[in-house]
């Protein structure tokens, strides 16, 4: 069976000539959770934006290679078209509509999905906290609630493939745990395939089936999550565990030089 | 530039530069476009027909047209261009503010300036001319008509107090009213850019003041709104409108209800009354040459045409040597020494006194009749006992 | 031979003239400025003079809008304040017009500081509209004090210490002197800590206050400087003109001035402003005098001025869309291209 | 002053205000979908008025004139969305202000070519009626009858429907909205088209109420003041803002004229300044959440 | 409210940790540099801060943690002077700064980094850093306009100071680049460098490591430790990465829903029942 999503030899650029992704290939199998790890500026968000088509709004485009979804070429299509096909991108930094109330946020997205009240309610069932704050302006929600709302909005689309961009960014550990169990739950109960970009390698690898490591716009390593978890370099550079955990207090005494490149 | 001589075939031709300053895009362009067309048609026509100096040398007028959008500052910029770049000896100008502003400068530069502003302040400026009485004298003549036609009564003055053109005749009107036995019941500020609500408010105030007559000193937009509003509020008045506030379009603009209430002043006869006026043969010929149909020859067209015509007549009375060596100065002397006749178009022949350029004191009054047609009431003259232009110059 | 020019001290690195090319350019510019009257005839000289006057005005607006991010649509009115100050000082107080120019700057500055009050609370569109309101109210005030639409500066007030500014060449030199001085001041302010504070306020005023910028003071300062420049420009204009009228300072002029800032290069106070003036004012005037006869020949004389609006408006809009940093950025790219030539990327 | 004079003054003020509100609503709709003010509106209004005049004279049908005005306004508005607003997405307000002012300038030229700054009236028959102390003309009735249903439907569309929420979402964050699959381009275009419709209608009603003349431009600028008095993101408030302004202008002129002749058209801006000092986001506008 | 609450050190406990009184008991008087007393702040219906009293000791690195929306940023904003609390006071070095404007507080020596990276996106790195010296600038606007006298000397001095921190955080290559064009990791470094150039007595850091990779976090931590060792600067660190907090902080204050729920050493915090329920999770 072909993978749900495959990116083949993609090159991605921002206007005018900022080359961010060079010759990158990756696959997401139906029904899995796949994660992309990588440091800041590696190009994780860029990749997800390109898949979802949102990159157009930042004057970027796929200049070479192709992105295929269930056999269709979706390279450089409009985001609303791609959304209709079942790929929803939950952007980095809790991009919800802050000046609208929670309810209006849901309404706005329901305008395009055409979800009925039952469907909205079904989505809210995953996020009981949101139900209590429907009339609150979204900007006043706590960070966790905002992230929940962001995912809830995506769920209105009944997506097949959910692209999550650093969902744990700036969230408290407890919320992160809650969030990850919700993601897991969505995956298990709704059968949604998930592509996850994360800095928080530990959490990401915990729930993923497969992982890619990206640096400087290239995939430098890939493999099943449990294999990656045990990898020496991953342990040291992404999980912060050399021989045992290295304390930040000692950070002055070592300066690691790594790079697969 | 001035004095550039050339030989076209065997004939010697002098080319002179003349500036044409018009408003085709600014706040007065609704009348400015017609004026500009008239002036241009005149230039083309006379050039085509041949302008010859007194001593028989052909003169070709090269006119440089600029649209200054009724912005006096812009007018100054263009004036500099006319003067410094083209060495013009005369300018056909337009508005009151810009003409007044440039009047001292043109005197220093010795450039004849014939404009469409009939402001009284200009009649004492040595290089400013126009073939019509000044606004004040015109208004006084209009008042004389009111007096003669309707007897005495109360008059309300509606005008925009921050626009030079509108303000110009007010002191003279107030003075002349006393002599004619009219009572001024008040000044009512009607913006040049009035909305209908403004006009209605002013109309109610005028009605409340019990006026029998209204002077509207603005341009056609606000004056016709005022007429309409006066009719709407049921004021029983006769409205007398300054030259730029009333013309062939007024019947449409004021609306049926105001028919029979409005009259306009004009120093030139309207083209609708052209039959039998020989001067119009020239104008119609020129219009034909310029490809302009007769129905588009309006009062504004005539105003533009006559201004250029006056210049042409002056050139025709000067010697080629004078024209070449003394340019504007020579034209000024001619203008101040001769009588110019426009075949019955102007209310009287044009004759300027040196130092006091009021060429005649008569105007035509045109009434908008009950049936919506324009009726020529006749020719009226400013009252004898008062020099309206001087009143304005001294008080304004 | 060194492979490039290296700076030994920070002072040298921060200096105005850093590279030999700067020095050469500066000398060339000064010579051009000085020689202009010898080369240009009277008409072009007066174009140059107005360009310099508008340069001063646009530099001021560029400080308010470009550097400090405080949108102002009242700049023309502030020029008017300066112009009327000079005219009335000369007419009523018998002051010499040249001496009244600093006074014009200060008066406009005072009014501008008043106009800055809304900026303490308002942002963006609301601020733009507040300034538009101020512009129209000032226009009204002008029309009251100048109902004849004409206030002259008497020629005898334009003579100072034997120098007669009624003479276009003298006037040109005087204007050039003032403009260059104002340009140097603008450049210095832009690179000083005050300039940085303004930029910070432009980018994020809440954050600016946290890092230690007195935000209201900085906004007021930006308006004050902008107003001062406008006032001086207006004052110069009053001297240049045979008489001022309030139509010279209407909303449409404010829009044009803002257009010059945005087209030239917002935040690029000196050269961006100059480029804006040269494009939208001088350039247009020159083009217009070519275009008008051409259009007349085509029988479209009535459209000549309509084209002015269409062309200028299109230039403003297109530049803003295509080149956020203004035409100066285009110039820089061209320069960069030639610097690297023949090795383009 | 008599009761009759006062009541007519107030009536005309309200009528004027209703027309202000209509044009102001055009600004606010654009703001709600694009977070920008379209400073070109005054010229669009003028253009629509001239085109409708031309059509009215040529076709002789009043309905055709209305349709022409609305169509022109919608078309120009949509064209502006495509060519100006969309490329400027995400740029700071000063860019939008500058660009739409540039369009203002350019359209002024177009208007001059189309209309030649003529002064004329749309040819309809006007009758006068007396209702109690009020003098009412046919054109007064037309403006009220034309404006009120439009208000109601626009407000309902925005407040009560998902379409309205989606528009606001797009205004706040176009990229984010695109990520959630909202048809951003279509929504924006729809928003501008709606604004064009309201503006075009405002334009023809104004033309009927007064004249077709370049002064309509200033009317639309004053309507922008009404829009800010209400608050740029408020729709219902626009009606209050517009009427307040219309009344302030009429009553203010009446009272102030002896002291400040001709202040009338600038009263709008005095009121605006006062309102903004007291409530920086307008009477009904909501404050922006700003955080560091 | 009883009147006692305004007296430092005597506020009552009633279920809420009152750190100022606790502090007196624990550490004695004299060492504290920055403290708040009963700060209360609401936004509409949301109570962002509810009688918060915290104390920062001179020279310590205080971790401020808590779930999202607990009020950490709000507290920093109250200390910086962006928000005016409805009740309560803020003290710095013994004086009441509650009524000072934000920029005046910066001048006193309170520096700040921002939660959302770049704040001055169009300014270059060098400008961003030199901007922070603005409160101490010398030379009037006239001197600046002429680029002469005090203003010129001061600019050169400021540049030297800026170059020092550019060195420290290894930002050379970015010196003349606009901050907005830099990757987020570098932006955070710039922000920290900018705060450091003020040579403040206290630096308030709002999630300086959010969204950074382990390696980049190392860089920031290294800078923090370096500053502490060389200058002994007092620091308040808001951070969600518990590892960082437990590794480098001397003490942590935990907030939840606008209240302080714990104050003590990091290793105790992670075991505290209330902290686990509210923040860390089971």
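When the chains are written out, they are named A, B, C, D and E in that same order, and each has its own residue count from 1.
The criterion applied here is as follows: contacts are C-beta pairs under 8 Å (C-beta built on N, C-alpha and C of every residue); 3 or more make two chains touch, one makes a residue touch a chain.
Note that this is a predicted model, so its numbers are computed, not measured.
J.: Please identify each chain that touches chain B as well as chain C.
T.: The common neighbours are D.
J.: State the pair of chains with the top count of C-beta pairs in contact.
T.: So the pair of chains linked by the most contacts is C-D.
J.: Using only Cα atoms to place each chain's centre, name the chain farthest from chain A.
T.: Relative to chain A, the chain with the farthest C-alpha centre is B.
J.: Farthest chain from chain E, comparing Cα centres?
T.: Taking each chain's C-alpha mean as its centre, the farthest from chain E is B.
J.: If you average the CA atoms of chain C and of chain D, how far apart do the two points sit, in angstrom?
T.: The separation of the two C-alpha centroids amounts to 32 Å.
J.: Quick one: chain A and chain D, Cα centre-to-centre, how many Å?
T.: Here chain A and chain D have centroids separated by 43 Å.
J.: With chain centres defined as C-alpha means, what is the inter-centre distance between chain D and chain E in Å?
T.: 48
J.: Round to the nearest whole Å and give the separation of the Cα centres of chain B and chain E.
T.: Between these chains, centre-to-centre, one finds 75 Å.
J.: Which residues of chain D are in contact with two or more other chains?
T.: Where chain D meets two or more other chains at a single residue, that happens at 112, 116, 262, 288, 291-292.
J.: Can you list every residue of chain C that touches 2 or more other chains, as numbers and ranges?
T.: Residues 143-144, 204, 206-207, 210, 302, 305-306, 309.
J.: Among the residues of chain B, which are close enough to touch at least two other chains?
T.: Correct list: 24-25, 33, 161-162.
J.: Report the residues of chain B in contact with chain C in the complex, numbered from low to high.
T.: Within the complex, chain B contacts chain C at residues 24-25, 33, 36, 40, 65-67, 69-74, 76-77, 80-81, 84-85, 96-98, 100-102, 104-105, 161-164, 167.
J.: In their shared complex, at which residues does chain A touch chain D?
T.: 52-54, 56-58, 78-80, 82-84, 88-91, 95-100, 104-105, 107-113, 137, 139-140, 153-154, 157
J.: So in the complex, which bits of chain D are touching chain B?
T.: Counting only chain D, the residues touching chain B are 1-2, 5, 8-9, 12-13, 15-16, 112, 116-121, 123, 126, 128, 135, 137, 209-211, 213-215, 218-219, 246, 249-250, 253-254, 257, 261-262, 264-265.
J.: What residues on chain C touch chain D, complex-wise?
T.: Going by the criterion above, the answer is residues 65, 69, 71, 117-118, 121-126, 128-130, 132-134, 136-137, 139-140, 143-144, 204, 206-207, 210, 252, 255-256, 258-259, 262, 266, 302-303, 305-318, 320-321, 324.
J.: Give every residue of chain B touching chain D within the complex, in rising order.
T.: The touching residues are 24-27, 29-30, 33, 160-162, 187, 189, 191, 193-198, 200-201, 204, 208, 220-221, 224-225, 232-234, 249, 252-253, 255-257.
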